[in-house]
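Across the two complexes that follow, chain A remains constant while its partner is chain B and subsequently chain C.
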Partner chain A sequence: MSSLVGFISLSLAIGINFFLLFSYFFLKNKNYNFNLIVRLSSVLTLISFFSLMFSYVTSDFSNFNVFQNSHSNKPLIYKISGTWGNHEGSMLLWISILSIYGFLFSITKVADLKFKQLTLVIQSSLHILFGLFIVFTSNPFLVNSVIVKEGLGLNPILQDPGLAIHPPVLYAGYVGYSIIFSLAIAGLLNKNNDDEWLYIAKKWSLISWTFLTGGIALGSYWAYYELGWGGWWFWDPVENISLMPWITGLALVHSLLMIRGEQILKKWIIFLSILCFSLSIFGTFLVRSGILTSVHSFAADASRGLFILLIFFIITGFGFLVFLLRTPENSKPINLLFVNKVSALVINNVLMIITTLTILLGTIYPIIIEVITNDRISVGGPYFNSTVIPIMMPGFLLMSVAPVLSWQTNRLRNAKLYVLGFMIISVVVLIQSYFTTFNTWGVLGLILGVWIIVASIISIFSSYKIKFSYKMLQKINPHIAHIGVGIAIVGITCSSVFKEEYDYNINEGDKFRIKNTFITFQKVETTNEANFQALRANFLIKKDEKLVANIRAGKNYYPVSKMITSEAGIFHEWFRDIYFIVGDQKDNNWFIKIYINPFVSFIWLGVLIMVLSGFIGVTKK
Partner chain B sequence: MSLRYQRLLLILITLILILIAVMLILFNAKENISYFYTPSEINSSNITINKKIRIGGFVKKNSFNKISSSEFNFKITDNEKSISVIYSGILPDLFREEQGTVIEGYFDDKKIFNATTVFAKHDENYMPSSVKSKLEDSGYWNKKY
Partner chain C sequence: MKLNHSYNKFILIKLILIFFFVDVIASELIDEKVKKLTLELRCMTCQNQSIYDSEADFSNDIKKIVRKKFQEGKSEKEIKDFLTNRYGEYILFKPLLNYKNLFLWAFPFILLVFSLFFFIYRIRKR
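Moving on to the complex of A and B:
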């Protein structure tokens, strides 16, 4: 029943959007409420989404999708997250978020009504494209042909709170670029050529970027504690694909800043707006088509891949075609000096685009080679590390002082203070690393990270009178975001360069020592949980003869899907994580792997600061 | 500075940055690309000892052997040829006999493959498309893998 409701409301929503499109172009008499129609279609799409969720929550196995991906003894949260834990459901989530953005845009105030209508029409066209994709290739409302009492269960590795909210947050980022795309195209087509849309786009681009940051970080955090590889980023194609719109989105956020300096690089902004959404769809295509060999599993169905490729070409082609045909003129010449804010922003944009291209190249290179030479290759993480990081480094150096550079002149206030600060930090880091372990990347990363933090703090104190108010927070927001980046860089550098790895073949009751930490490997227990069996090894951690923690690491066995998942045990400290993985056993002898990951928590802290400052930025006028 | 001069400067900086990027890509691409083979594609002519490659296939039935709690040997096969593999470390959760897997490592000599990484998939239904098409070609593709 709920499947029927869901399917009908989705079809109705698509139908309404068709009507909107038709009436916009062919009906002269537009005496209907445009906004209301858009909202109606959004509500219908959401009804469709929630009826699928309802099927999941009530374990309605007459729905084929529910039957394939759910099981009645799952905890409620995973029944809910099961809605988007599969291809069909996740596409329905995609279109639901698309229509939420349409809805939100329809209730925002826009002075130019024609422009608003045009934007909504473009958004509705996107809704139609993805709606048809769902109806024809990935319908989540198919009826199960046989009557069953039990479902097949959700992939246990997805049964995790972090991953339950990861897709909606990530999609809120990806799909947010749809509204920016619509705004950019409407801005190009609109005859009344003013720049109002740039101010609107600025807000939406910040919202999308913030969600995308959160989504990527959640996925990364999940990989860190759930996959048991001891790392948090693997340069897997799926990760690269999310990073590309993230970086171009960041470039967009920064170039939209130039509106404030009244230096509008309109062409460039429009180009980026189209590119962001194109990369989002391109990512979806690569992931869903199964063209890329990735450790992430997604439906590898050729027809779906082709359909998404078609959508990608329609949207990207249309976007860039409009862009070429109606290229706007830059309204004002840009004021580019040797060291002013504009040149800093321009260089930062150039760097970000080069970075995106480098990642794109590494990601699709295997496909190109396979098509040309029939050789199958894979590009490993080291490629990305040794290309992407050096390319971004000048950008990091620049971002430390960029917010305090002037729009008009060549002068940097307190330049001496900054130079002095930089020198002190460099010397301290060099001396420190000389006496510990010297590593070029480690030194560079540390200097840059610490420098960004320090320079941002110097800028805050030297350019503003500090008051404790929200307004103040809004004012210093760019610096706060950059401090977040600096903290994350320190975390990333330390956790990857100074990571230590220890292997043990030990029996229950054995003790061992890592530096000043004493660890006892206590007994291994098995327990029965709601829908899995848990095997846990207990580790007692002692420091200076005092018991500081009891960490449990092990594996879960899910009988429904006959799968085992590793559950890493992590002992969090401020400056390092001790990360336990339990391996195999033979005759009571267990293999234990321990990673010491210094400063990992700084990464999450840094990202959290970026996300918060993203939201603060949205509230700024 | 005149507008023209500034634009020139911008273009110059961009070009230098792109040049650096291209150099980095060229220098790094070669070392970090590993070729991917199926067991039957491996023969004495294309084995280079100590060169990093990847092999994809599935774990041969009854070939898995635990030497200790952290050392294993098994055979990886595409039902035409199989290759002996030794690995030490933690095997991924989804590693099982008759399941698809991709291993990365190198040949010590002409016979035994020394795996440094064993990849497993997030999903048990998953198999890399390249392995899948190879297996389909040789007629051994089974939906269950």
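Moving on to the complex of A and C:
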């Protein structure tokens, strides 16, 4: 029943959007309310989404999608998140968020009504494309042809609170770029609109980027504690794909901030707006088509992949075509000097684009090679580390002082103070590293991270009189975001370069010591949980003779899908994580692996600051 | 994220000590070599995990093979060649620098140099 409701409302929503498109181009009388139609289609799409969720929550196995991806003994939260834990449901989530953005845009104030109509029409066209994709290739409302009592279960690795909320947050980022795309195209087509859209796009781009940041961080944090590999970023194609629109979105956010200055890099902003959404769709294509695992698995079921590829070409092609045909004239030539704010921004934009292209190339190169030569090659972490990091480093260096550079001149106020600060930090880090372990990347990363934090603090105190108010916070917000970046860089550097690891083969009851921390491997227990069996080893952690924590690490066995997941135990401290992995057992001897990840919490702290400052930026007028 | 793991700075002290504890030092050097190489190898039975980080049977076997080859005095390149002959280039996370991958390696830096020159040209022109 709920499947039927879901399918009908999904189809109706598409139909309504068709009507909107048709009437815009063919009906002369445009007095009807565009906003209301868009809102109606959003409501219908959401009804469709929630009816699928209802099927999941009630374990309605007459729905084929629910049967394939759910099980009645799953906890409620994973029944809800199961809605988007599969291809069909996640595409429904995608289009629901698309329509939410349409709804939100329809209730925002826009002075130029014609322009608003056009934007909504473009957003509706996107809705139609993805709606048809769902109906024809990924329908989540198919009826199960046999009557069954039980479902096949959700992939256990997805049964985790972090991953339950990761897709909605990530999609809120990806799909948010759709509204910027629509705005940019409408802005190009509607020449009378005097750059109003740029000011509107500023907010939306910041919202999308902030959600994308949060989504990527959630995924990364999940990988850290759930995969049990001790790391948090693996340059996996799926990670790369989310990073590309993130970087171009970052470039877009910064370019849009330029509107406050005198010059407008209009062409560039439009280009980035189209690029961001194109990369989002391209990422969806790569993930959803299965082409990443192998060209052959793509060929096995090509209909979905080809359909998304078609959507990608239509949207990207249309976008860039409009861009080429109706390129705006530059109102003024941009004022490039050796170091002023404009050139700093241009340089960093270029670096971000090069980074994005490098990641793109590295991600699809194995596919290209396989298609041409039939050889399989890997492009993994070592490639990205040795290309992306050196390219980004000058960008980070520039970023530290960019907010205080002048628009017009080559001068930097208090330049001496900054130079002095940089030198002191470099010397301190060098001395510190000489007495511990020297590592080139470690030193460079630490200097950069600390320098960005210090430079931002210097800028705050030298440019503003500090008062404690929300307005003040809005003013210094850019610096705060940069402090977040600095903190994250310190975390990234330390946790990857100065990571230590220890292997043990020990019995229950054994004790060992890592520096000043005494650890007791107490005992191993197995328990039966709702839908899995848990094996947990207990570790007592003592410092200065005091018990400070009791950490449990182990594995889960999910009988429904016959899978074992590793459950790392993490002892969080401010300046390091102690990360426990329990391995195999050989006659009472357990293999225990322990990572010491210094400063890893700084990464999450830094990202949190960036996200918060993103939201503060949205509230700014 | 893994960055390059550089060698210990106390090379000189090591050289002196080598005369006294040849065995210990040698095995420590081999440990570092094995770590550096296996970090750049893909565990073929896992999902995007390096052989060093993985505890899968496949990875443990390869770790043993790599260690043995280093003990026999084989160079890193020889071991890589051996492994690619056996498992294909897919096992290397860091693609080889050959004709096929030239574009992959050159592209980012060409782009970087090109935009640098363009930027200087634009400033000069003003």
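Definition applied: the second predicted complex is superposed on the first by the 612 of 621 C-alpha atoms of A that agree within 3 Å, B and C clash if a C-alpha of one lies under 4 Å from a C-alpha of the other, contacts with A are read in each partner's own complex, and residues count from 1 in each chain.
Here is the rule we go by: contacts are C-beta pairs under 8 Å (C-beta built on N, C-alpha and C of every residue); 3 or more make two chains touch, one makes a residue touch a chain.
Remember, it's a predicted structure, so these values are computed and weren't measured experimentally.
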Simultaneous placement of chain C and chain B on chain A, clash or fit: clash
Partner chain(s) touched by A:Ile157 [first = chain B, second = chain C, both, neither]: first
Which superposed partner A:Trp441 touches (first chain B, second chain C, both, neither): second
Which superposed partner A:Phe271 touches (first chain B, second chain C, both, neither): neither
Touching partner for A:Trp590 - first (chain B), second (chain C), both, neither: first
Chain B versus chain C as contact partner of A:Trp233, first or second or both or neither: second
First (chain B), second (chain C), both or neither touched by A:Trp246: neither
First (chain B), second (chain C), both or neither touched by A:Val346: both
Touched partner set for A:Trp451, first chain B, second chain C, both or neither: neither
Partner chain(s) touched by A:Ser561 [first = chain B, second = chain C, both, neither]: first
Intersection of chain A interface sets (partners chain B, chain C): 336-338, 343, 346-347, 350, 354, 357-358, 361, 365, 375-383, 386-387, 391, 583-584, 591, 593
For the chain B and chain A complex, residues of the former touching the latter: 1, 3, 6-7, 9-10, 13-14, 17-18, 20-21, 24-25, 27-29, 31-37, 54, 66, 68-70, 72, 89-91, 93-94, 102, 119-126, 128-130, 132
Complex contacts: residues of chain A adjacent to chain B: 155, 157, 228, 290-291, 293, 295-297, 300, 333, 336-338, 343, 346-347, 350-351, 354, 357-358, 361, 365, 370, 375-383, 386-387, 390-391, 394, 503, 505, 555, 561, 563-566, 581, 583-586, 589-591, 593
Chain A partner contacts - residues on chain C that touch it in the complex: 1-6, 8-9, 39-40, 42, 47-50, 53, 55, 88-95, 100-101, 104-105, 107-109, 111-112, 115, 119, 122-123, 126
Contacting residues of chain A [partner chain C, same complex]: 229-237, 336-338, 343, 346-347, 350, 354, 357-358, 361-362, 365, 369, 373, 375-383, 385-389, 391, 437-442, 445, 492-493, 496-497, 583-584, 591, 593
